[in-house]
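Two complexes, one shared chain (subunit A), two partners (subunit B, subunit C).
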Partner chain A sequence: MKIEKENISLSQLLTLLINFLLGSAIVVGVGGDAKNDAWLAILLGGLIGIGIITFFHFFIYRFPDKNMFQVFEFCIGRKITIVCTLIYIVYYLYISSRVIRDFGELMATAILPNSPIEMMSLTFCLLMGYILYLGIEVLARTSEIFTPYLFGFFLLLAIFLFASGSLEFKQLQPILGEGVMPVIKTAFTELAFFPYGEMIAFSVIYASLTNKKYSLRVSIVGVGTATLILSVSAILMIVSLGADSVARSNFPLLSTARLVSIGNFIERLDALVVFIIMLGVFIKGSLFFYAGLKGLEYIFKLPYRYFAIPISMIISLFSILVSVDFADHIQEGIKMVPYYLHFPFQVVLPLILFLLVMWKQRKIKSKRKGEQDGTEQTKSSFIKETNKN
Partner chain B sequence: MAPSRPNRRLLKKPIKIEDKLRNTEKKVEEKKESFDLTVETLPSEVINAFGNSADIKMIEGIISERNVKILFLESMVDSTSLKETTSKFLSSISPIGEYLKNIDELSAYCKGIFGGASYKIVSSKDESIHEIINGSVVIVVEHIDKALAVNIMNGEKRSVAEPTSQTVIRGPKDAFIESISTNVSLIRRRIRNKNLRFEQYTIGEDTQTTVYLGFFKGIANEAIIQEVRNRLKKIKVSAIFESGNIEELIADKTFTLFPLALNTERPDTVAANLMEGKMVILIDGTPFALIVPAVFVNFFESPEDYYQSFFLGSFLRMIRYLSFMIALLTPSIYVGVLTYHHELLPTTLLLSVIAQREGIPFPAVVEVLVMEITFEILREAGVRMPRVVGQMVSIVGALVIGQAAAEAGIISNIMIIIVSITAIANFVSPIYSFATASRLLRFLLIFFAAILGLYGVLLVLVAMVAHLAALRSFGVPYLAPIAPFIIEDQKDVFVRFPFWNMKKRPKYIRSESEQKVFSASPPSPSSMKGGNTS
Partner chain C sequence: MRLKSVVIVIAIVTLLTGCWDHREISEITVVVGMAVDKGDDDKFTLTIEGINAKELSDKTASGFAPSVVFSLKGDTLAELSQKMNIGISKNLIFSHMKVLVIGESVLREGILDFIDFLERNREIRDDFNIVTARHVKAADILKVTFLVQKSSSLKLHTQLNSFVESWGGDPDIRLNDFIQAYTSAGKRGVLAALTINGDPKKGGSVDNMKKGAPDAMVVVDSMAILKKDKLLDFLPLKDTRNYLWLINKLEKTVVTVECSKNKFLGVRIFNTVTKSKGSLVKGRAIINLKIRAEAYLDSTQCKDDDLTQIKTFKKFGKLTDKQIKKDLETTIKKLQQNYEADIFGFGEILFRQDYNNFKRIEKQWDEYFKEAIVNVDVNVKIRRSGIRTKSPFSEKK
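On to the complex of A and B.
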């Protein structure tokens, strides 16, 4: 079997990162616990996010051409890795179906109230399956094309909100009215996992990057930009709706967009917002999907494209089955997922593995030092071992 | 492998001549030494090979007591030069005749008679048949075991005229014609450089069509040239008539609505593209040339963008992108908004639309489909119908289908606006074959708008962009300067920068030499400033 090498450029990585982080975070709104300091919490969360991406980067770049699962294999051998990979696949596909559910709920409640949510989920997943069947390169290029529109629409939305006079900046006050604790708590318990910790899905993407020299810089810029957009959107929501309404609203950005009214002509910019949301959700869902597919590729040693369409149908089904209704879905997302899924998969397992990698590499290094006088053959076998694909 | 495959092919074919031709070809290869070329046998064999076709002719004569036979296809040779040639050749009563011992002397002798026409010495039956097909007369002289082929193919062709499908206001007004040699000369006259190369291919097992691959050596990327060569060589079909045939056979992917090669009938477009590092494929018998590799943005470029001021050029280009979107999206957005998203319309507009649609018996999607399909029928009729009845379509189309249908309450007035803006926007595309994409995708979009509203439209759009992103034209990503994003190439995508600023050739073509503009500064009258002091 020949697994083809795919290439992703730096600008594509940037757009993928931005869309990924906006993804479902912009649908449901994040940092709500910090009330009208949500934007501060998001900024703080962004700093954590930069830390997280630097760590993943540092971790994955010990083996520039390997994806996460191949790094696992280096640490713990193929057999145990297969078990780990299976668990990770389930995690990735579960998160993917949760993301699709977020979007499906948005569509079914706000945009197409009379259409069944199954229809949204099915069509959306088919599209994701089609694009991943075409390859991650195509996904990257698609995101590259649509991202400028995303920025444009976001800017338009901000301008229109400002122009229609529905912004009251007083609502941001009092800043840090309840001290810094709520902000810090929100940043560390909520935002660190969602959306920033989810960047673990990128650990399968870095291997296909063409220009690795600047990738850390670009990743940090990407996280920074996404944080800024999230923060600005949080400010927009708070100053137009007020912190209480934001907390009560299911889809605060959509509610905000509905306030726009200029000259009785430019009204109800739902379409713009849905576009922003759809693109983000699409990229995010697809990236988790892709991470899962890569895991399957590792286990079965078959090109991941073979799995794209069937797995997309599974995601579609599970996006309906994961929860009975929207309230249940959100509850699960707040109470269960961060502690039982995000924490172990984003923090515990990677950290353990990182330590293992450090330990193992040091061992090999010292072994090599010991055998410095040995034949050339051992040296080359070491190189082979570390570079084994 | 070799012997079994051609035999199987031949069994299916009704034409016997080909059969014979190929068998003899094999024989010749096997025993090259034996010549089957004598004045007694060759003519009858050739005539037999043509199956005594009505237009194969033979002239017999005698020069200094030797039999001479001249074979040709009446339909392929120029009749005046034929008369001249044969009369000169046969009437030369000669002392020269004695010297005509071998083929070299014959050819030297003929040079004197025929002047600049092109010659070939042929030594087998198949070669002579090939030459006769290509418009030569074959002269066989007794006692000489080779024959002489003199090409006097008739030059019947229409003269160079104005382009009919790709017109400009300012710019050259000549277009390609059906003769490949004229087309090459139209290009060569614009690029007088020894590095402009043309390679000849003969494609079509049965039609033997001449195809030229042209490129500028030193600018065009060698790897891409090699790829084009390989694909041209791989073509094994019976017949080739038009550039469209070749396009489908060499394109990277056939299951796409988007053309992967640019077709043009303008020599200036071809010349400009050659200088950018692209390749041109010319096919004998058609005025359309193919330019490869072609990417998405090339289909929005008109040669006029570069002849008019760059402000206008940029503006027109943006208009073209806009009208592509209009042609693609207007009907589906209409359906989507009217069926699912009334709230997106401002109240007054919504009221007027609803008031218009009050008496209409159909849902929006039926209305749109009826009108779009009617329009497509009108359009096809307009293209195919005899010119004599040409006025009919416009009268019937505009009056009966448009106004009357609205007055009769079958469709709403706004629907007529939608259909006409869509149609007009569709005609903006400078390359006609590209408009088919928006023309066909429109129906898919209408369908999805009818079942999923604007969400469906967005889905199809994303799928379309993904499909485009997956396409390649001869290895070049189809969305090239946009995705993958190449910042240097943006000077000639959505806008056109002034010439002095576009210093490099587009990066996505991977040109061998990038520099395009050699003087780096904008033109300025600085030396003239302050009068003539020096």
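On to the complex of A and C.
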């Protein structure tokens, strides 16, 4: 069965990146350990994120048309790769269902308390399955169309908060009261994995990119923009609620939006925030989902569309089964996932893979002295890419 | 195929109804006020005021009570708020609450843990006034009807907000302020205290709102100061304004200044900013407050001072500075010496501006506050003097 090639443009990649990074990070709020300096921690985390995306770039562009699983195959052969891929699929789908659960919890707590969370999860996942059944291009277009609204709503929220007089900028002080250590610690132990490290899901996307010349630049802009939005939202939360209240909020941005009240007329703006969150969660969940589907495609050599609807139902189911209550869900996300899942899958395995690739290419290079083979093209195109960037 | 798609569409329609929690407007009663008193055997008595919407509209009003006030006793507000149908017919909606009255008894006992419910509940929002009732039960405050806005809570909400705008007599405490004052190490809480002028029993009847001078009226009485969750004392209204001034929340006010013996100026302050700097020097907190204000002269009884002259403006400005400085310092001194309660958030200023030093003394802040040196620097610029120059009583020609 022929697996078709899909195309994503640079602007689509940009919006995908932004929404992906906002995703569940904006639901639960990140960098809370740094208290008043959460925004600084996020900025620092953004630098790490730029580092991460650059690393993925150099790595993936040694093989411009291959996704991560195919790179694996190049290094360690198909049989072992299938095992690795299976593990990665489970990781991706698990994170996808966690993201859906984040959103479900938000809806069930704050917006639709009497609706069963199962129903929200099911309809959400059906939509995800349908969109990915139509292909990643459709997802990319969706993201491209809705992102301007995200910016608009975010700006509106900031303006309304400012206009309703709930911002007290002195609450940002003391800046770096406890020194730089908490900021650095938060950035490296928390933000590096969530949300920035999760960009590993993009390793299956870059292969579909049409214009590879500017992709690094665009990726860096994307990460930078998302970081700015996250940082500004952290500032908004701190200056409106106060660091202490933010720490006690399950959904700080939502609590912030609830403060808006202009002339007893413009108020109850929860919907704006829910839109921002919904778009982010939708894109993030779908991208992890897509990464998992790509893995399945690799294993079964069937177009991933075959799996879209069934797997979306599995995600829906597991978004419910993944935890029994909210505390369980958050606890798992803070104590378990970063150490047992994010670290090995975002750092250890890609690094091993990177070293393997280096080693393999060197071997091929030394072997090729005198004789020409197919990897020449790969190599030269890689050099071309790096020179341009 | 056609049939199949029709079936699918119908199935999806049933999935996507999304009306699990719909409530029709005719099936709800909107709660506008909540009062919490101490229960006799139970922990709390919760009183709610639900409006009778029909009576609030001029067209449909027929002279009955504008709202229904109902109390229940119990240990958690969460349960009580859902159990109100013991007496009230419709479902209650709490999202439009305007006023929360906390009874004096509750404050004296320090049982403020019900606040958690208000913060946690998704329906209740952070836009209602929090006040306390002095001398009377909190529940009674909600019962007093009023000519103009009928429902007590609606009246209070408007009244308090107007009072902040015109004179600065209500500390304007919302849920978030209240909680921040509780959690902060360098700040103590305050609440506006209300009381009833007249007979609370008569206040509850519809007849009360038929009179131009009602039998009972809810008035702003004073300001309650708290230490953590315990009530310390009530301060007179004048201190409320000074409090607002010191924390830079004052919008407008009128200051009465003595210009010569038993002669007074009325100076309307319309634009004022308070800047605060703080640091710990040699184990003593030093707070520098810089108050800059613009004002216009609203009235003068000193008939001989010619308001066409620059020097008169300067003189009056100086007098105003002095008066305000004296007032503010009196309030600060009172809080330092009598109560050791830092309601002005001076500790918070130190926390923000001198973090490392403050961190060390955080636990003993009350003692440091008592010893703190507070420098108040006031500079009021009188810009204009209304639409007349000399006083009509002026003897100079």
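Keep this in mind: the second predicted complex is superposed on the first by the 369 of 389 C-alpha atoms of A that agree within 3 Å, B and C clash if a C-alpha of one lies under 4 Å from a C-alpha of the other, contacts with A are read in each partner's own complex, and residues count from 1 in each chain.
The rule is short, and it goes like this: contacts are C-beta pairs under 8 Å (C-beta built on N, C-alpha and C of every residue); 3 or more make two chains touch, one makes a residue touch a chain.
Predicted, not measured: the structure shown is a model, and the values here were computed from it.
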item	value
Residue contacts on subunit A - larger count, subunit B or subunit C	B
First, second, both or neither for A:M119, with subunit B first and subunit C second	both
First, second, both or neither for A:L155, with subunit B first and subunit C second	neither
Partner chain in contact with A:L302 - subunit B first, subunit C second, else both or neither	neither
Touching partner for A:V138 - first (subunit B), second (subunit C), both, neither	first
Partner chain in contact with A:E267 - subunit B first, subunit C second, else both or neither	both
First (subunit B), second (subunit C), both or neither touched by A:M336	neither
Footprint overlap on subunit A, comparing subunit B with subunit C	112, 115, 119, 123, 267-268
Residue ranges of subunit B touching subunit A (in the complex, touch as defined)	340-341, 343-344, 346-348, 452-456, 458-459, 462-463, 465-467, 469-470, 477, 479, 482-485
Subunit C to subunit A touching residues, read off their complex	15-16, 18, 20-21, 122, 125-127, 176, 179-180, 183-184, 351-353, 355-356, 359
Residues of subunit A defined as touching subunit B within the complex	9, 11-12, 107, 111-112, 115, 119-120, 123-124, 127, 130-131, 134-135, 137-142, 144-146, 264-268, 270-271, 274-275, 278, 282
Residues of subunit A that touch subunit C when the two form their complex	109-110, 112-116, 119, 122-123, 170, 173-174, 177-178, 241-242, 244-245, 258-259, 261, 267-268
